[in-house]
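I'd like to ask some things about the structure below.
So that you can tell them apart, the chains are marked A, B, C, D, E and F in the order they are listed, and the count of residues begins at 1 in each.
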């Protein structure tokens, strides 16, 4: 049952994505939900298309690290 | 009025997308909603970014067919 | 795999919801996706919270029928 | 940056919600994202409004446990 | 065409919602999109269900103002 | 707090995106929400994947202008 839609900046490594998928599923398993029931969907969004405080993250948070 | 956000694995054919758009709109028409009011938005997600049971579908469901 | 998020106005009957769930699932079955893989999530939104053309639907589309 | 939209069946306890919020945030902290950057939004959906395999979960999965 | 899904804390006044609907539509009108094409959907989420920095906003941001 | 998910057709210019991000943030600032709290995420969707009235916008609205 649980559906998890995750929005992150473009550039996440495959390793980071795997850890997100595994980790979020485990959160539900830990409260009694079967792993098979959990779907995690990751959406990568370019920093140009993500606004924080009224400006694109590509300008405002130019040096922020993407894991 | 109705907005339908559809999340599928990357690789859907244009023919499959057209059938999804037409079919979902018809479901609403059949219960009395005018076709013009229905918006269907399809989001293709790479199998690497879609987790099922704690693993990316690109590994767990490697051979699953995408229509 | 497919996840379908459906946004409609508050007031949909249970009968209409059942038809939406069954109908949207059938659209995917017809293109070769197993029914068990399809999740359809319906979100009812009050007309006050749904804007069309800059105004709430509760004012602009006061008399529109909800199935 | 990361935004996590979580869709679950209605009836989640406050304790379960807290664990989801804390756990999902920790997943990102573990890969180097600051906790303050993570927003987790939980949406509870009545089982009548959640279709699996073409039927509402309220019928098909009547006895499934909600944590 | 544009669909705008807005997630806010529960408790927004009708006046605030109207201003959000009107204002967001105007943003698109100002770049040449017809008002009639813009749909704005507001989702109110209880502060208990909205996590920031790993904790529910109902605890962490107890005194934050909802317009 | 507010999260704004914006879905538009592919082809939006960087200038249009900046105006959307700035404009939507200002709507919230005008009702008393601090700019820093507003996240705006723009999703560009190919017209082939966006259905209106049962047909892809790439066919039905072939000549519509994207700002």
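For the reader, a short list of remarks on this structure follows.
Note that in this section a contact is a pair of C-beta atoms (placed from the backbone, for glycine too) under 8 Å apart; a residue touches a chain by one contact, two chains touch by 3 or more.
Note that the structure is a prediction, hence the values are computed from the model and not measured.
Of all chains in the assembly, those touching subunit B and also subunit D are A, C, E, F. Note on connectivity: the fewest chain-to-chain touch steps from subunit D to subunit F number 1. Of the two interfaces, C-D and B-E, the higher number of touching C-beta pairs belongs to C-D. Ranking all chains by how far their C-alpha centres lie from the centre of subunit C, first place goes to A. Sharing over half of its contact pairs with A-B by residue number, the repeated interface among A-D, D-F or C-D is C-D.
The mean-CA centres of subunit D and subunit E are about 20 angstrom from one another, to the nearest whole unit. Annotation: 26 Å between the Cα-based centres of subunit A and subunit C.
With centres defined as mean CA coordinates, subunit C is found 14 Å away from subunit B. For subunit B, the set of residues that touch two or more other chains comprises 3, 7, 20, 24, 26, 39, 41, 43, 50, 52.
Inter-chain contacts, as defined above, occur between A-B, A-C, A-D, A-F, B-C, B-E, B-F, C-D, C-E, D-E, D-F, E-F. Residues of subunit F touching subunit A in their complex: 14, 17-18, 20-22, 24-26, 29, 35-36, 38-44. Considering their complex, residues 1-9, 16, 19-20, 23-24, 26-28, 30-33, 50, 52, 57, 61, 64-65, 67 of subunit F touch subunit E. Residues 3, 39, 41 of subunit C are the ones that touch subunit A when the two sit in their complex. Here subunit B touches subunit A in the complex through residues 7, 43, 45, 48-56, going by the rule given at the top.
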